[in-house]
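Below are two complexes that have chain A in common, paired first with chain B and then with chain C.
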Partner chain A sequence: MSEGHVRKLVSSVDIRARIKACEKLAEAFGKVVKSVLVGEEPRLIIPKRTLSNTIYDKERGLLLLGPSTFERNFLDVRESKKFMQTLLMAKIIYEALMNNEYPTIRDLFYRGKHSIRYRDHKGRIEEENTWDEQKESDAVLRDIEVYVNLLREEMLILSKEKGKVVGDMRIKSGDDIIDLSKMGHGAYAIEPTPDLIEFIDVNAEFVLVVEKDAVFQQLHRAGFWRKYKAILITSAGQPDRATRRFVRRLNEELRLPIYILTDADPYGWYIYSVFKIGSITLSYESERLATPKAKFLGVSMTDIFGDEKKKPYLSETERRNFIIRAKKADIKRAQELLNYEWFKTEKWVKEINVFLAKQSKLEIEALTGKGLYFLTDTYIPTKIQTQDFIE
Partner chain B sequence: MSIAEKFRSISPSEFFYRNKEIAGFANPARALYQSVRELVENALDATDAHGILPDISIAIERDYHKPNVYRIAVKDNGIGVPENYIPDAFGKVLYSSKYVLRQTRGLFGLGAKMVILYGQITVGEPAEITSATINSKNIYMYKLQIDIRENKPIIIERMLWPNKTGWHGTIVRVAIEGDWGKAKQKVLEYIRRTAIVTPYANIILKTPDGEIKVYKRATDKIPPPPRETKPHPHGVDIEMLKTMISETKAQALVEFLAEEFQGVGKVIAERFIKTYGFDPNANPKALSKDDLERLVKALREFDEFRKPRADHLSPLGAELIKIGLNTILKPEFVDAITRKPVVYEGHPLIVEVGVAYGGAIEPLEEPQLLRFANKIPLLYDEKTDVAWKVVSENIDWSYYGLSFPAPIAILVHICGTKIPYKGLGKESIAEVPVIEKEIEEGVRAVARSLKLYLTRKRKEEEALRKAITIIKYIPEVANAMTIFVKTNPEHIDKEFLELKLFELVKSKFSDAVRNISSLKDIAIPVE
Partner chain C sequence: MSEGHVRKLVSSVDIRARIKACEKLAEAFGKVVKSVLVGEEPRLIIPKRTLSNTIYDKERGLLLLGPSTFERNFLDVRESKKFMQTLLMAKIIYEALMNNEYPTIRDLFYRGKHSIRYRDHKGRIEEENTWDEQKESDAVLRDIEVYVNLLREEMLILSKEKGKVVGDMRIKSGDDIIDLSKMGHGAYAIEPTPDLIEFIDVNAEFVLVVEKDAVFQQLHRAGFWRKYKAILITSAGQPDRATRRFVRRLNEELRLPIYILTDADPYGWYIYSVFKIGSITLSYESERLATPKAKFLGVSMTDIFGDEKKKPYLSETERRNFIIRAKKADIKRAQELLNYEWFKTEKWVKEINVFLAKQSKLEIEALTGKGLYFLTDTYIPTKIQTQDFIE
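== the complex of A and B ==
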């Protein structure tokens, strides 16, 4: 296949991303090869991806990777296999970049999985796999991301698309212009490499992110985004990296306020916090994925129970019908959240304490149970207008 | 009454004829085994006891015309039997006229004569003895039988021919009734075990199945031959005392004691006599039965005699045991110890213990026990032997880092002028406290040495295992590295990177990987 032909099929942003990723990989791993050639022990100095090395940057409102590193030395028995796996993974990624491929993490797992045969210390011939489970290859991929300082998206590694978006907005994906207001009943699936998306124009005043896909669809069909000039997004549960990056770019580049709507329970709160400040396991990407200015719109405990300043959105009878009793795991999770630095704000402590006192949780669907248009025309607009949200 | 004593009342030949099971000839299988044993032990006594490196060949052939008849021929390169002694040595069951003691192999002191007698009873062919002494001008051959009632040899044929090659030694050919099928395992095991304790011998065995087993000499070192010694007073019994008195030239009791016993000098003899109130000048031959009984009791009781000496015994020595175990069992580890002499009922006794571990030894649920008494393998009645009690009950092997099944063999050799056998079969050693303690101490000593070896080996194995954990990934790592290698200014290929990585591992694990010469010893390509 001629080069000219390849250029037609592959977008130019892709090619630029490839060249950059290849250069960074070659530089980072070239160092290790060089040390072997001069007779030094081959080692990788990798930032630690642990809770203890996760730092909450209060000023910027981000979870960041701390300064601790660990050494992965090939000559250290405990690390030699992981060293081999890391080098193997780097090689596969590099080759995929050079060959214009878009592997998924599952592809990387299969490409690297093969047998190694050796004679053990008792002279028996044994076999072992480079890796047996995808969690092993996923782990070294994360190591490479922090070691090379490149996110997987930047290395053109794809993951399953999960997030969806609709709204009055045009974007360029690859070499195509896509109108997000003309998606019919469907929605645009946010591509795994959102950095390669170009924003063309937008006509919206805010972004509403809903946890539940079903609620997203109801709002979409009811014409919510058109009526209130919103970009409507769903993460369909825990947000993937692409959705988080896309939301971040909407906030950072288009200055759109971000409102997040989840269930009223610790799980929903954590989804919000992942959007806002990043996740513990992936804190190294927060710098690029987190949206510190994202606001928690609801559903909050005061929406359910009210307080001295506010009337509850639910009547006594509705509460009795819609509230679900919190499970032990919910209580435990809520207590854990209280310990996280980034939940130690006045409003969050209050929110969590009400939950612990009432031991009650509520799904967003409870509000649509009260009537879909209660949600679209009363609850959401009122909350935004009165700035009744938690940051 | 001892067997030899019983021989006095009837013709010894006749006694044997009536009591053949006592001497180990109870059935055709046992008789075949016993015959091989007696002849081989004679052959060894004729060689190593005289400082000659033994060359022994044993041939057992089946007679195809007579059922259950086997021809055994045992040839040695020993000192030979003087021509005029041949008929009596092989054709007359002798009383032992000597009361001097010596560590010998023969269990019953009857040896080849029993075999000949048994052959004569069961098959009836004359035995054929060929022999030449050292420097003998001729080689002599006798065909003879034993007159059972008269206990004397009947010479059937006598030949002689010039000894042109300067050969010396003895060949005994005898036909007996046997059962090779049932005796086979024991005979093979007997020869194998004999080879373990005589690594300085060449032993060739030809079986009726046409198999040839060769045990080649592994060393030229022979243990010092056992020497004769006088009895110690603590080890004497009334029969022995009677024999000694009948043969002594001493006229007075004090003289008899000082001259005929070890550990007794003139001064001690006088003090002994004074202590017990005997008459120093009494003629020992005139002592009454009561006097004799009193004398034996006193001799065994008196504690001022010098301790029995052990320098006339012939232990194998740790070195030979190790060579023997190494040669025959082909283990990975071997050690042995010769314990200091101890006294058992007035007789000196030395216990030796060897251990062999790993290598070609088959792992079993229990230690393999190789028992020997005066260099003779003990094959029967293992579970009643004191050595078995020690290795199976007294020793906690886990303390020595061993868990069963384990590939371990324990050799126990007891040598002395009196061995406390259990029962008439003389195949197991009785639970005598002093012997049990000696065996246990010996086993513990070699087990400690085994423990050290195992600990060291495990450490080395662990280091090697670690090194291999790294080495096995080298091809994979080198392969990935070639992608990132800067090809300028010179081209670097995968093999070069592999070599560099291998050198790094080698320098880190220096000792543990000394046996790995190439990466290809460990990393094997997957086709």
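== the complex of A and C ==
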């Protein structure tokens, strides 16, 4: 394969991303350098990532950081260690960008981990570690993300990824054009930096995200996406950042409706919530990663039990065989979800209350247990066609 | 995309696989039907999956099932339930094959789960469940795998998959030809039935399997496989069956050497062991899934500490910063590994004993912490070139 020899090892897309990130880092931290040069006290003004500064924007359906900021001053003895940690992390990231590297957050922890020897005010030699635990370096990295206004992926910091996709769609990733309809029985594993993907063309009417990889495999193999013109995605459990960003872009840029299919239990609802709203403690990510218009397709409590207007998809016998009794942790989780702003809609309150009354949950596999083609040709198409989803 | 319309939903490869599996099932269980028709006692003669019938074949380096079998008789009251479970499972699998379905093991559990009502010898109505837990249906499925001599993948039973691959290689999966060197920054997610993959052509000198997905992402992005003519694979932790089978086929059919890169700890060694030998409790899989010639590239204890002949890759300071103290569970695990036949080689005994003496472990990320290009251009190539691996 002669092409391998003439081809660059690293893609041109990455090189452009590096330059952009370096410029933004240099600008943000250049301010600190300048203040030192003119004899001012070095300090950082960083948006607060606290719960009290997290706002649920009802109109946009997003969790956002509020306007509060805090100062981190080098000359304040309570803040000087954190200040130095922040600058150490910024330096490591900048160097990695310049050296064509792709660190992970674990690498960043190791790269910065060392002991600093110094003399205290009485002349004694002391030692202090930069950090001991990854949660310290991770916290500093998050500060830098909000301070510079760059997600870590934009700084070419990589992480493990579980998300997969197939569908009638072409994308450009790195220097390659990839046809997501030509993956055979396998799938395309989404890259850790989905903002660098270019959508070339798409022939699909909606996106179906399934929680479970094994169900994704079945739908793929049965030709579901081909027959129903879907982009088929799995998050393989709790979605990672790349899968969330990829789904958001499909919705925002290609205007494709997003349907999410999980088990009928609080864990499944939470997966939906992470796609739709994001995580409460990391609200700064949500503006880029959340998909407020994502719809919960099922499996819903009315799918199982029906209601005054709807016939259930399960018979009495199937319910007896398939339903799993909810555990205490499920009940507790469901009660917590009732407190979230975005679960305070009529349909969600009803859904959660039926769950609490019946104390029953159901796996998607109970539906494929009724036959794979029941899932692909009855359940999913009917749910979409009758708009039987929860928002 | 007009092609989508003329194209079959399901691949021709799958159709052929279905026919083969149906024939083998019909042949194996046809014997039982015949015995009923001629008035003989229905029974199954099944290879024993017990530890005492598991043999380590030193020459081939494989765990194999021994020659012992057991009988399961319908007319023996202690065995009749198991006998009926086995036939129920065989029926479900056969029907799924005929109906073009792709069940998972969880589906199979749901499909078979129901209550049977009958009258006992005193005429009272009794109820008995076919099975209550998935471990019951899984055990029966394993019996069928060894009885029919078909792995479940060959019966088109799917499962979740984590393995990914990139490299200068073309494969055929389903009806598509896929170029694994054109995956952009993403990767090809290996299908659950890797026996159905056809290798078209390959331009590589070795296979590097990395335990950690995030390290895979880094090596991929840095162009490692292109520069060193490697097929790059991640198992994303404990390898699943599909990844193991795929690696085995690369070794057996394409004669590519397999190098496995994990953290330096008993968990990493166990991952290596699963690739090389398979799992002790599921030895019947090993004959198809294990890669006896797989080599443990590192990270090894001598990489960290050196020995009389070798300079370590880490300095004294790096060791101080990067090494993690082993936990009690690590020590216990290491002592267990010493009892496995295939760890009783000179190099492995030394490796494990150094670990037990130093009580130290190291993550791969400690090496990328030294710089990504240290890993790609110094550590891995030197280890391979000097044959500094453990078998």
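Convention: the second predicted complex is superposed on the first by the 365 of 391 C-alpha atoms of A that agree within 3 Å, B and C clash if a C-alpha of one lies under 4 Å from a C-alpha of the other, contacts with A are read in each partner's own complex, and residues count from 1 in each chain.
In the analysis below, contacts are C-beta pairs under 8 Å (C-beta built on N, C-alpha and C of every residue); 3 or more make two chains touch, one makes a residue touch a chain.
Computed from a predicted structure; not experimentally measured.
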| item | value |
| --- | --- |
| First, second, both or neither for A:37, with chain B first and chain C second | first |
| Chain B versus chain C as contact partner of A:117, first or second or both or neither | first |
| Touched partner set for A:29, first chain B, second chain C, both or neither | first |
| Partner with the higher number of touched chain A residues, chain C or chain B | C |
| Partner chain(s) touched by A:125 [first = chain B, second = chain C, both, neither] | first |
| Touched partner set for A:106, first chain B, second chain C, both or neither | second |
| Doubly contacted chain A residues - partners chain C and chain B | 114-115 |
| Chain B to chain A touching residues, read off their complex | 461, 464-466, 468-473, 475-477, 479-481, 483-486, 492, 497, 500-501, 503-505, 508, 521-526 |
| Residue numbers on chain C that touch chain A, as the complex places them | 1, 4, 7-11, 13-14, 96, 99-104, 106-107, 109-111, 113-115, 158-162, 164, 168, 171-178, 181-193, 196-197, 203, 212-215, 217-218, 221-223, 226-227, 229, 236, 317, 320-322, 363, 365-366, 368-369, 371-373 |
| Residues of chain A that touch chain B when the two form their complex | 25-26, 29-30, 32-34, 36-37, 39, 41-42, 74-75, 77, 80-81, 83-84, 87-88, 90-91, 94-95, 114-122, 125, 127-128, 130 |
